[in-house]
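Reviewing the structure listed below.
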Amino acid sequence: MRESSFDFSTTLGSAWFPAPVFTASGCASSGRELSQFFPLDEIGAVVTKSVMLKERLGRPTPRMAETPSGMLNSIGLQGPGIDAFLAKDVPWLVENKARVIVSIAGETVDEYGVLARRLRSVPGISAVEVNISCPNVDNRGLVFACDPESAKAVVESVRRTLAGDLPIIVKLSPDVTNIASIARVVVDAGADALALINTLLGMVINTDTMFPHLGGKTGGLSGPAIRPVAVRAIFQVHEALPKVPILGMGGVRTGRDAFEMILAGASGVSVGTASFGNPTALIDVQNELKQLLISKGFNSVQEAVGFAHRPSKANP
Amino acid sequence: MRESSFDFSTTLGSAWFPAPVFTASGCASSGRELSQFFPLDEIGAVVTKSVMLKERLGRPTPRMAETPSGMLNSIGLQGPGIDAFLAKDVPWLVENKARVIVSIAGETVDEYGVLARRLRSVPGISAVEVNISCPNVDNRGLVFACDPESAKAVVESVRRTLAGDLPIIVKLSPDVTNIASIARVVVDAGADALALINTLLGMVINTDTMFPHLGGKTGGLSGPAIRPVAVRAIFQVHEALPKVPILGMGGVRTGRDAFEMILAGASGVSVGTASFGNPTALIDVQNELKQLLISKGFNSVQEAVGFAHRPSKANP
Amino acid sequence: MSSINRHSQQVVATILSNKRVGQYHQILINVGEIVKHCKPGNFVAIKVGGDHSSLILRRAFAISRVSDRGEYGGTMELIVAPHGSGSRWLCTQEVGSSLDLVAPLGTPFGIPTEPVQALLIGGGYGSAPLFGLAEVLKARGCRVDMILGASTVAKIYAPIEGKRSVNSLKIYTEDGSTGEMGKVTDPLPSLISEGAVDVIYSCGPMGMLQAISGITSNTDVVHQCAVEESMACGVGICMTCVLPVRKSDGSIAMLRSCIDGPVMDGSSVAWELVGKNAMTP
Amino acid sequence: MSSINRHSQQVVATILSNKRVGQYHQILINVGEIVKHCKPGNFVAIKVGGDHSSLILRRAFAISRVSDRGEYGGTMELIVAPHGSGSRWLCTQEVGSSLDLVAPLGTPFGIPTEPVQALLIGGGYGSAPLFGLAEVLKARGCRVDMILGASTVAKIYAPIEGKRSVNSLKIYTEDGSTGEMGKVTDPLPSLISEGAVDVIYSCGPMGMLQAISGITSNTDVVHQCAVEESMACGVGICMTCVLPVRKSDGSIAMLRSCIDGPVMDGSSVAWELVGKNAMTP
């Protein structure tokens, strides 16, 4: 395989991207900050921090704790609200030729619909990521992604509003008994693609103060520590729903890790926490991934998606 | 606090242990191997590898993969079966003055009852750990611990058989949407204590062969990587059921880690994977934990259990 | 903000020296070209723990001083307190070993265009960036007084060369082991009422910065403080390092101390809300 | 098994030398007293990646040679192939650095009480423990022939001193870059039928061990092989390193290669079941 004829592009639903490496929501702010380190148009797309309807200050500090090969965060969806976001952040990204996936988060089912409506006519957006891993205010604070009924209602509401204008990527939580069954529910409700996985719920106790370390008590666990859980989730969901594109994430730090997720069934890979330790992680992962795919004889990303599911000689 | 008057003992249900540090099931074989490195009577107790009714060869190799700050295993409950185990392993442990917690695993609800019956009159056993994190053969391979109904049935069956002879510790899986609700179900069904947590389901793909690395495809994730998930589970369950003793585990490597779990609500702590990297980990953890508790001014282990739940001045 | 971190780069640098000074380590690093863009107040983010490290986040350290002369080209000095695993690892790195770092990061101290009376206040290793700042202020014709404080003498960092760049230096320790017994804030009210201070530059524990802000609050004294919040990324992408800052309309914004700081206007920080639930804006 | 690992200890040892030899590193470590208990076939488990390592498991290496004389007291030599992150880290450790290791572990090669004709077969770094074994066998009056093989010359480990302790040494490479072109198993059938071999001692890739077992299966030749399975603990507590072994009644047991091995009776290993679902016993 010569590099020149290798097809590095990928698709998520009807959205096309020239490369399969993306930022992870909440790990690239609105994109500007990383653009000091590399041109944003070189990667597949910028997935923006989940935006809510109103401005939000988020959780008290400390908002982070480092853990072995991982970290906890409890940002609490701090952000400017959808209006300021659409007025300032999206135009800047479009001007800088970045492809944009907007991540939205609501406190109620209706809020998701309202957020989706705001996005409908905004130029330059490639897809919407629906982050359902936040607590449902109407329903005892239950996380939408942990409850099939709530998850379904959210996706239906977004689907109704967008009606095919933009591909819908639904982001799931790994903190469920059966992720493949939740995946099936949201796909039936209208998801075009799935993002797997959000952080795992975790806690660190500060042994000096003898209280939970984070201002928000619990936090989301991310980074290399969780990669085996992410790969398992991607593998299980791809096995159950082989035709549904997956945006894989959770602990990707090198091209090898991205390749692992593609073999498990991801069509694209997001890099989150790794950028905190290495501001050019996205570019490094992307270059290494391309070399790996070529060296393994693949002609395109697409050929490698889910390759680990092929029948083996040893265990047919 | 002077060391001499410090009370390092703990209890799990009606069972008393002179120290709160235990082996983790499956991470100390039957105890003999570790006794080359330290006397077994120095630690709280040996929790034996989950034993099944019949001899079992387990899963094909490779059975392990190292992951960032963790590892996957897919042993598949290899073991000699309950009869050989009771004939050979338990007497040896008793002879060597180790306190013994026997871990049992069944493929059906009835098997658990049968296993419990075999233990009833065996001298020298302090408690039974019921590992319900294995697949239920009768019920589509669903893991008992992931299904409240199956979990309940198993615990009831063991409870009926043991009728107070031995404390029952039920070991839960973190791979559930709501661990506190499963905890409540098994306590209502008769568990005297809970063991938290078993491994997380994970996968590594070998990027050379481009197949899942483990012979069993998926495996259980253990080690420091999962500690934040374990601490969170212990904290949540202790909050929901403050009177139920918890045996905490998942990534404990130092005295600080054990202390963290005790603050979260554990009455005792098991050390598993850490022994693979350091054969005297149990002794090191135990010594460090004791020093920490004393330096923080506690008079006993008991005083520190769940201490992180006290109201704080900052967030009353 | 789009100009912030415009000059920051990731470089692999070599340790030229590593000396214990009291309870700190003074570490000199050969960083090359980037020193040209380093200003007092900027910080550096360092990868710790080696190639297979389980510590995945960089650690932030104030740039104490830079030099672009000398036999090694651009060098940077850090003053590191061995606190937890990452900073301890750094303190044990030997001369000749490599460090992966990103610098310069964050906002620098603002330098007045006119000569003013500047008071520099440092707590513990917080004095590190103040000596470089003093030199710049002196070159602008400012009067530069300095007050350093710490719990005990071993935590005072005050190199002899540094003393030359200030007009006066006063030291306070809580245990009285050197200088006056007391806190850096003790002399402040009288200095301010005497009109001896136009601008305070401070760096040190958050409690100290808050106390100084309290004292300067109803005065004309400008207070530029270098804050210190737990940081996961250091480059503005994670939102973990935020501080509550009062906007002109009185509402609260949570600003990132890595990119909208570390140097902030002390009077705008809503100190009473740090670590509290800030609620809606 | 209760006597196995009776002498094993965790020690912090110092690297005395680290030389590249072909594609391997020859690493000499000052381990002290424990050498007294190290026998050919035993292995050592080493902590890798430094203090904050994300690599939480030890790495196993055959003990190539030990010496309890010399200026340093007890020393141990390892031959390490840079394979993945842990072994590569080990190969980059410099003279003077410390290693945390547990040794000696596992079963040693069985030494015949009578003088026999021994054939030692090593594949790649598998030759490492064979030279020490050769010395012991020679001292017992055995005839010792050695065959080494690898894909290419850089993967043949055959130190000059080592050659002195064998009666003959033959080398095979798959690419013919040194010695004969071919495999170590090529000459076996004729050597056996000539009656030139009583016992084979082998160490190398599992495929090679299996092939030798195939050739010896219907002969009187005893085959002691040192196997290599992925190991998490190295001390018998995790059950990850198992191999299917045929018991006398024909049923299969899964034995731990760390504690019931690495040296095993080649004829009892159910090679065809390695990595397969062994089902019920």
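General remarks:
Lettered A, B, C and D in written order, each chain numbered from 1.
Here is the rule we go by: a residue touches a chain if its C-beta (ideal position, glycine included) is under 8 Å from a C-beta of that chain, and two chains touch if they have at least 3 such contacts.
What you see is a predicted model, and the numbers here were worked out from it, not measured in a lab.
Contact with both chain A and chain D is made by B, C. When every chain is reduced to the mean of its CA atoms, the largest separation from chain C belongs to D. Note on chain placement: the centre of chain B and the centre of chain D lie 35 Å apart, centres being C-alpha means. Distance between chain C and chain D, defined via averaged C-alpha coordinates, is recorded as 56 Å.
Work out the mean CA point of chain B and of chain C, and you get 47 Å between them. Chain B has residues 68-70, 223-224 in contact with two or more other chains. Contact of a single residue of chain D with at least two other chains is seen at positions 54-55, 275-277. Taken as a graph of touching chains, this assembly is fully connected, with contact between every pair of chains.
The part of chain A that touches chain D in the complex is made up of residues 68-69, 224, 314-315.
Residues of chain C touching chain B in their complex: 54, 275-277. Considering their complex, residues 48-55, 85, 89 of chain C touch chain D.
In the complex of the two chains, the chain B residues touching chain D come out as 26-29, 32-34, 36-37, 49, 54-64, 66, 68-71, 73, 75, 78, 215, 223-224, 273-280. Contact residues on chain D toward chain B in their complex (touch as defined above): 1-2, 4-6, 8, 10, 47, 54-58, 102, 229-244, 252-254, 259, 274-281.
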